[in-house]
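Look at the two complexes coming up: chain A is in both, with chain B in one and chain C in the other.
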Partner chain A sequence: MDILIYGFIQSSALLLMAFGFSLVYGVSRLPNFAHGAIYVLTGFVTWGLVQRLGLPLAVAIPLGLTTAALVGVAVYQLVLRRVRGMEVSEVIATYAIGLAILEGLRSLGLRGTSRSLPVFSDGVVFLFDVPVDHQRVAVVILGFAMVAAVWLFTRYTRIGLALKGIAQDERAAMMLGIDSDLTATVAVALGSALAGLGAVILLPLGSVVVEEGYKILIYAIAVCVVGGLGSWAGTVAASFVLGYSQYITVAYGKPHYQMVVMLLAIITTLMVRPSGFFGKQKQLEERV
Partner chain B sequence: MLTADGLMVFYENMLALNNISLRCDEGQVVGVFGANSAGKSTLMYTLSGIILDIRHKEKMRGGERISLFGDVHYRGEAIGELKANQRARRGIVLCPERRRLFPESSVLENLKIGAYLASRDEARETLGYVLELFPPLKKLLKRAAGFLSGGEQQMVAIGRALMAQPKLLLLDEPLLGLAPSVQQVVVEAIPVIRDQRGISVIVTEQYARPVMPHVDYAYILENGSTVLEGTRDELLDNPDVKSAYFGC
Partner chain C sequence: MAQARRKERIDRGIKVRSDSIYALSSWEEIAYLLGPRALLIGGFLLLPVVLLPSPYWSRVALSVCVVALLAVSFDFLANFVGLVSLGGAFFYGIGGYMAAVASTELGLPPVVAIPAGTVLGAAVCTLLLVPCLPLRGIYFAIITLMYPLFMTRLIEATEILGGTEGFRGITGFSSRWTEQYGLIVVTLAGVFALRRFLAEDAGLVIRAVKDNDQAVRASGINVTWTKAKAVFVAALFGCFAGAYYVHMYRNVGISSFALDLSIMPIAATVIGGSGTLVGPLIGALLLVPLSELLRDFGSLRIVVYALVLTGFVVLQSEGLMNFATRKYQQFERWVRV
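Up next, the complex of A and B:
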């Protein structure tokens, strides 16, 4: 029962870490390697607002997410727009931005494990006799709420539908008047905000440290590669496969093998089925 | 309404369009006929602005160098440098070759994505119109577009383009790969769209025979150049056209 419940929580946590990355890639084919950095940056911004300025969490979180979204807009408009279409440059540019943010934070003196975000609510519930603290319940609920919100957004709003069109066939969408620079900006901003959302939910379980940024990036990439880059359903499925694998490894092995699970998953996927669980289906394309 | 003067398009050193001039007046159906590789799709990409995106992407990935020359005017405005989405906003909407539906979205969602430029009322009204124009779509609204037959896909593609509220509709090979009976349905929709919605149409096709009766004016391309042009009746009377395109 332990494994079932905590594996589920770990899976939801992975979903929160990876969904933003997947969304950006799915819509605009941009690999946002600054994902982990934006995650940590949001953590620090929220920490500063809460612990230094004394703002309540309910105010600090929206401000933190807005900051993340604005960073996303800046990253796209100032940098990615110029290199878009050169795949290697996209990776190098976003990775460089990520490094600059993370190491910049480190050089500002934000080291050590003394900073933490407050949990939403202190307390424990028992699920099938397994104790679970409120924050971990929130991880599950908000993880699924996020997926549901994105699903509704891409189904019922004009800009959401435009994102979906661009994701499936960019040029066909352009013919219908959809601006691919605009949708890419929205996607990067939204993806960054989702990274930030992951941060404010998950960081209270540990402490706000720079190293977390690299870890998140690798986790997000592992989930997206296993699920199939750009596939949202694949991201959800892969979160669960990897979440349970990770938790089982921790339960029966050692916690520091967690990262090994992720790296092995990437390697295995690339060897066995490079397009992942739900890679783009080629057979649909050529039906005449 | 739309005039193109001296269009030249080079892919590296290969000349894809050679000094093409074309004109489409308000309320006209204009046909562009030619064999494979005559330059029909390049012409459509040039008129719709997609060629600018192709050129940009090729440049970014270090691929083919594409050079464009010539002017395109639309309602008195030079639009040669406008991006495809800006041209769509002005009313030039391309319904591309091979349809390019959004395969994972349902038919209804394809149409809704097409309505990006439409107001809420326009979208609702046009959706009703599209279903009236192509009744078979009514039963298919929930189906994934990638799983439809070619004819059904073409109806969705035309419907999706109509949702964008075009004033000039560019149809690139709408009959490609369709059964003759379905071809009739699609072809007959063209004059209906023009008459009921006041939309001008430029349509390209390899086979002139099914489309020719519905055009007001037509151009015949060969290897990127216009070899013949004229009104429908002029072309139908032309012995060269008869032998080359109608086989009699």
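Up next, the complex of A and C:
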């Protein structure tokens, strides 16, 4: 029972970490390697607002998410727009930005594990006799709420439909008057905000540290690659596969192997089936 | 309306003449051709002499060579073979560990341990990378980024290869001069050998793989096998850097797989000029001392070079070498359209 419940929570956590990355890649084919950095940045900003300026969490979180979205817009408008289509430059540029943000935070004094975001409410509920604290329940609920919200957004709003159009067939969408740059900006902003959302929900369980940024990036890539880059259903499915396998590794093995499992998942998936569980087969695009 | 103008670029006369067989007809043209090469080679060879008073900066000069070797390996794979490898640290680490094992476990002297580490390391890297060679573009980039991370975590978790401690007590070099000139000469020789290699038939096939792998396959050439050979060559460079560095500092640890070692060479390549093979050398020559100067500022130096890298990718993506070559070989003028 333990494994079922905590594995479920771990899976939802992975979903929160990875969905933003998957969204951006799915819509605009942009690998946002600054994902982990934006995650930590949002955590840090929110921490500053709550602990230093004494704002209530309900005010600080929207502000933090707005910051994340603005960073996303800036990254797209200043950098990605100019290198769009050159995959290598996209990867290198976003990775370098992420590195600059993370190491910049470190040199601003983000060291040690003293910083921690407050939890939404600290109580414990018992699910089938397994104690689960409220924050972890929130992780599950918000994880699914996020997926549902994005699903509704892409189905019932104009901008959402534009995103979906670009994701399905960029050229046809552009012919119908959908601005590719604008939707990509929206996608990167939204993806960054989702990374930030993950941060404010998940960071209360740990602490705001720079290393988290690198870890989140790898987890996000692992989930997206295993699920199929750009496939949202795949992302959800892969979060569960990897979430459970991670929890089982921790429960029966050493915590050190947690990361090994993720990396091994990426490597084997790419070798055997680069498009992942649910990705569309693009034989010539991905391998010769 | 403003008069529309465009920039016209025309090859200099001396370039056109010295492209052909008549290059040797005058001292001027010989100097034109040899000048830049002599400057580079002479400059590198003089480094140990110039830096003699400062042991610290001599070590930095060697770091320049190490980063340059990794950068050349990246440049070769990315711009000639079409495989963007974000895992230079993987080559470096494997080469380092191989040389360390050869030195500590088998007791081989550096003269044997370094070449052995290089060749065996390159073979191991190639074998491990063969399954991912069919991958293209971003898929290959991601998988190579994961390889060194995976090695670090694997060594940490299973405590093979000395675990987090690594190996110590590796035999050092007999003198400072061998240490310095060994690396510098091999770096220069490697770069020029690689240029020559790419000009041969084998290089033609390799470049064709980058431009159009379908066409290469249609000509009855095995694409994966060609890529494997190219990866072996690139790995030789990376593994040699690792093997040599291990002997300089006389220990090896999981920091050999550090991300820094993957990013720095990429930055050097982008700054120096992609697709030139010499550009990475120049990039390393600028970037490594800069990063050493900023060492006191801690992690701020990573911020600086990450920003420099982003700036170059966005604004000056051709890099310094391509820019300089153009200025050297062509003159420009504005003409009306």
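The rule is simple: the second predicted complex is superposed on the first by the 280 of 288 C-alpha atoms of A that agree within 3 Å, B and C clash if a C-alpha of one lies under 4 Å from a C-alpha of the other, contacts with A are read in each partner's own complex, and residues count from 1 in each chain.
The working rule: contacts are C-beta pairs under 8 Å (C-beta built on N, C-alpha and C of every residue); 3 or more make two chains touch, one makes a residue touch a chain.
Remember, predicted model here, so these are calculated numbers, not experimental data.
*Asks:* Based on the shared chain A superposition, would you classify chain B and chain C as clashing or fitting together?
*Replies:* Pair status: fit.
*Asks:* In the overlaid three-chain picture, which partner chain does A:Ile221 touch, first (chain B) or second (chain C), both, or neither?
*Replies:* second
*Asks:* If you stack the two complexes on chain A, which partner ends up touching A:Ala173: first (chain B), second (chain C), both, or neither?
*Replies:* After superposing on A, A:Ala173 lies in contact with chain B but is clear of chain C.
*Asks:* Could you figure out whether chain B or chain C reaches more residues of chain A?
*Replies:* Chain A has more residues touched by C than by the other partner.
*Asks:* Would you sort A:Ala93 into first (chain B), second (chain C), both or neither based on which partner it touches?
*Replies:* Once the two structures are laid over each other on A, A:Ala93 reaches chain C alone.
*Asks:* Looking at A:Ala162 after the superposition, I want to know if it touches chain B, chain C, both of them or none. Which is it: first, second, both, neither?
*Replies:* A:Ala162: touches chain B, not chain C.
*Asks:* Could you look at A:Lys254 and tell me whether it touches chain B, chain C, both or neither (first, second, both, neither)?
*Replies:* second
*Asks:* In the superposed arrangement, does A:Met271 touch chain B (first), chain C (second), both or neither?
*Replies:* second
*Asks:* Quick one: minimum Cα-Cα distance, chain B versus chain C, in the superposed arrangement, integer Å.
*Replies:* Superposed on chain A, the two chains' closest C-alpha atoms are separated by 9 Å.
*Asks:* Which chain A residues lie in the overlap of the chain B contact set and the chain C contact set?
*Replies:* Comparing the two interfaces on chain A, one with chain B and one with chain C, the shared residues are 83, 87, 284-285, 287-288.
*Asks:* Write out the stretch or stretches of chain B touching chain A in their complex.
*Replies:* Chain B reaches chain A through residues 48, 50, 53, 56-57, 59-62, 83-85, 88-89, 93-96, 98, 100-105, 109, 112-114, 116-117, 146-147, 150, 153, 160-161, 163-164, 176-177.
*Asks:* Would you mind writing out the residues of chain A in touch with chain C in their complex?
*Replies:* Of all residues in chain A, those touching chain C are 31, 78-79, 82-83, 87-89, 91-93, 95-97, 99-100, 103-104, 106-107, 214, 218, 221, 225, 229, 254, 256-257, 259-260, 263-264, 266-267, 270-271, 274, 284-288.
*Asks:* Which of the residues in chain C come into contact with chain A in the complex?
*Replies:* 78, 84, 86, 131-132, 134-139, 141-143, 146-147, 149-150, 153-154, 156-157, 213-214, 217, 223-224, 259, 263, 266-267, 270, 297-300, 302-303, 306-307, 309-310, 313-314, 317
*Asks:* Inside the complex, what are the residues of chain A that reach chain B?
*Replies:* 83-87, 155, 158, 161-162, 164-165, 168-169, 171-180, 284-285, 287-288
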